[in-house]
């Protein structure tokens, strides 16, 4: 017991160190790299908090995709600054960076930390929260993983909205394109310099990655995993193939692409509405059908999430299609 | 027995939420020239759904509840529509539908084009935003509200920079960062509340809290964090900096939606937190602070609106001032009329503000200038648009018998009833400021043009009709409220 | 103190310092990064609460599944926010660049 | 029982030692290429030793296969990254 506490404290110290580097390191590149490491260590912390589903999501989305995105942005910014040294940096200033204001903000933030810490220590004896209710209701869904049960049955509306969030975020990213580029492809993810090693990885890894992604979705019904974790892994494999130059980013006007992006949410909505016909209401599953329906929803969601995440990483359309 | 044969209130509550969502997804998937028609069709269907729902709720005097998936809270999520909800729902529906119809000809593809960027984005994100707003109104679950507020932000931000001008990107980014800060604080508060009672359902939480003799400090902290977060999203005074550039820089139909609908979402959540979870909190420090900030917003927003030289920034600053009135509801909550006053003000401001922004949009497009000093001759060229602008302006000022008047009258009554006379000062002073900036525009616009008369108005009739409809709705709302008797109990 | 409480304390600390960076740091990309840190710490605090509601069955630790599901949703929503923010920052940088250097082209893909 | 534990301790300890030397190399070697060399070599060997050490502690055969797969994937990833960083250095990208 003490040994694991020791390990946990070690984990915590590493986390804190990485968080401080992320927040305060001067070079942006170092900060983002620290954040990616922070995300991976955080995934371990989630395992220690007995939340393996969260650990998988954190590693895939929180650390991997977010880190990749930020790293790309920082690198671009750095190249631009080197190419145009006189360029004015964009600064989102608080009204005045008066030292007094900084002290006040620091005091408020320290206060928030202190009060939260105090709440963490003094919060009353562990209530059972919803552990019991979920355990009793879970058999009705036919699922073995309570987290999937919450995501796709009890709180299906959250998950439906979560899947459309990605679609609308993608529309938001696309909306930043130049009018002339509309309908075209996002910039190629292919690295400027050709690398044989990357090409080899791009050929070798995807079969295993895709298998793993599908496994994560399939296992999600009864063990940690699910559509979001599986979809992210599939997206990562697609992005790998794209950056190795083995595939081309589709154009945003592509009908099939749009359908692939929205099909997960649309099918989720359709099955939800079919609940009325089945007499169990919107987002309800008829008895005996729930596991099958949930798996169908998750399968399409996995596909849609994978395509949407890949397109989100690729960014806004950049070059118009030749007429 | 007005129960419809196929759809009862329960189904209508769900449809009110998912129709716009479905419309947005289909508009995105099919795209092209069809996207616009899908969105407009969605708006019409939604109008029918919401009117039917409102009819059922008001006529039968019932509260409609729906447990999604059949799962009872705390496990599941519940939708709920009472009289207040359907009033706001109906207002948002009218604003949305009118704005969509008035903007129906914008961003059309050229003959050789398949679709335009702005067109697809507008016709996809506007229904999506609508779905998110309806979820904010209907959902009873604190976390579901968080997701809905986030979708609202993600849809609103790209719309701010829809016309692709460099300065609007900065405005959109600032808006996004403020909104995200608000969400994160809100989420932190919601997490603490879950830790206390193991539920996120507002109804169940209200029950738990009503059993307490004294509030646990963690609850105060949670509510404080959530309130701070939501105040950042409603642009109340020290946190208002993001609003004017975003609302003024966006294309006019988007400005109308942002000012009329989007900023209200966080306020509705705030209302429910304080009125449903912590009733009787009118005399607490927090409520007093909210009132003081509201008063400051009224004065500061009004003064800054007066100092603007352009029409749209002026209307945007006026939103800050008008949101200030809403925050006076908290210290006056002890009076019976405060709740009704807040609700009425929210709705009449939504209608009036949408009319103002849409009118400003038509003025920019067809008069070619939105500098207030250059508006001479406008009354001659665009009489109907100016008429609508005037009627909406009267409601904003609080001239009888508009909705704005009745709301402010009820607020004053609440101030008198609770004995807190001091709150009457910002209410009355704010009215004067509003009169100042509205009359300034009208005075210039009614002057004959210095240059020879411009060509007669070319404003499309549908657009004018929609703007007038919105302005008149704000007026009628006042008459209807007066008809129900003063003040509501 | 149990380990999860220590994680809770750590999260409280990270919330404070990332909140400071979110408010004070003027560089947009650093602000976005600080937001991610802040969000992640808020989730940990939530997760610590989940752990309190959990326990051990047959020697395997488990936690309240509801906050876990909420955190997964939250992570996806936070990712969407980051994507949008980064896209906006890049667009803004490019627009600034174009207005300041008329002679050199500012391209996003070079 | 005791023997397998002893075996695991010694091999995992040896693996940890490789990680330590690799890290020292990363910190102390003069130029990027040799630092890269220290890092990748030590990681592959260190991780390999840790995996071999842990094999008797897992369920045969699935658990063991998972461990070996982890090692193979890590080797694949670090080889590719090492190669790409090396190529970048040769092109003259400044690394510090």
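For clarity, chains are labelled A, B, C and D in written order, and residue numbers in each chain start from 1.
Assume a contact is a pair of C-beta atoms (placed from the backbone, for glycine too) under 8 Å apart; a residue touches a chain by one contact, two chains touch by 3 or more.
None of these values were measured; they are calculated from a predicted model.
Here the chain-to-chain distance from subunit B to subunit C, counted in touching steps, is 1.
The mean-CA centres of subunit C and subunit D are about 30 angstrom from one another, to the nearest whole unit.
Distance between subunit A and subunit B, defined via averaged C-alpha coordinates, is recorded as 31 Å. For this pair, subunit A with subunit C, the centres built from the Cα atoms lie 11 Å apart.
In subunit A, 90, 92, 116, 123, 127-130, 134, 154-155, 158, 162, 165, 169, 172, 176 are the positions where the chain touches two or more neighbouring chains simultaneously.
Listed for subunit C are residues 15, 23, 28, 31, 45, 49, 52-53, 64, 66-67, 70, 73, 77, 80-81, 84, 88-89, 91-92, 96, each touching two or more other chains.
Every pair of chains that touch is listed here: A-B, A-C, A-D, B-C. In the complex of the two chains, the subunit A residues touching subunit C come out as 4-5, 8-9, 12, 15-16, 19-20, 22-24, 28, 31-32, 35, 38-39, 42, 45-46, 48-51, 53-54, 57-58, 61-62, 65-66, 69-70, 73-74, 76-77, 79-80, 83-84, 86-94, 97, 102, 105-106, 109-110, 112-114, 116-117, 120-121, 123, 126-131, 134, 146-147, 149-151, 154-155, 158-159, 162, 165-166, 169, 172-173, 176, 187-188, 226, 228, 312, 315-316, 318. Interface residues of subunit A facing subunit D in the complex, by the touch rule stated above, are 193, 195-198, 200-201, 204-205, 208.
Residue ranges of subunit B in contact with subunit C, taken from their complex: 143, 146-147, 150, 153-154, 157-158, 161, 166, 169-170, 172-173, 176-177, 180-181, 183-184, 187-188, 191-192, 194-195, 198. Interface of subunit B with subunit A (complex): residues 11, 14, 18, 21-22, 24-26, 28-31, 66-71, 74-77, 114-118, 120-121, 124-125, 128, 135, 139, 141, 143-144, 147-148, 150-151, 154-155, 157-158, 161-162, 164, 169-170, 173-174, 177, 188, 192, 194-199, 216-218, 221, 241.
Per the touch definition, subunit D reaches subunit A in the complex via residues 73, 76-77, 79-80, 83-84, 87-88, 91.
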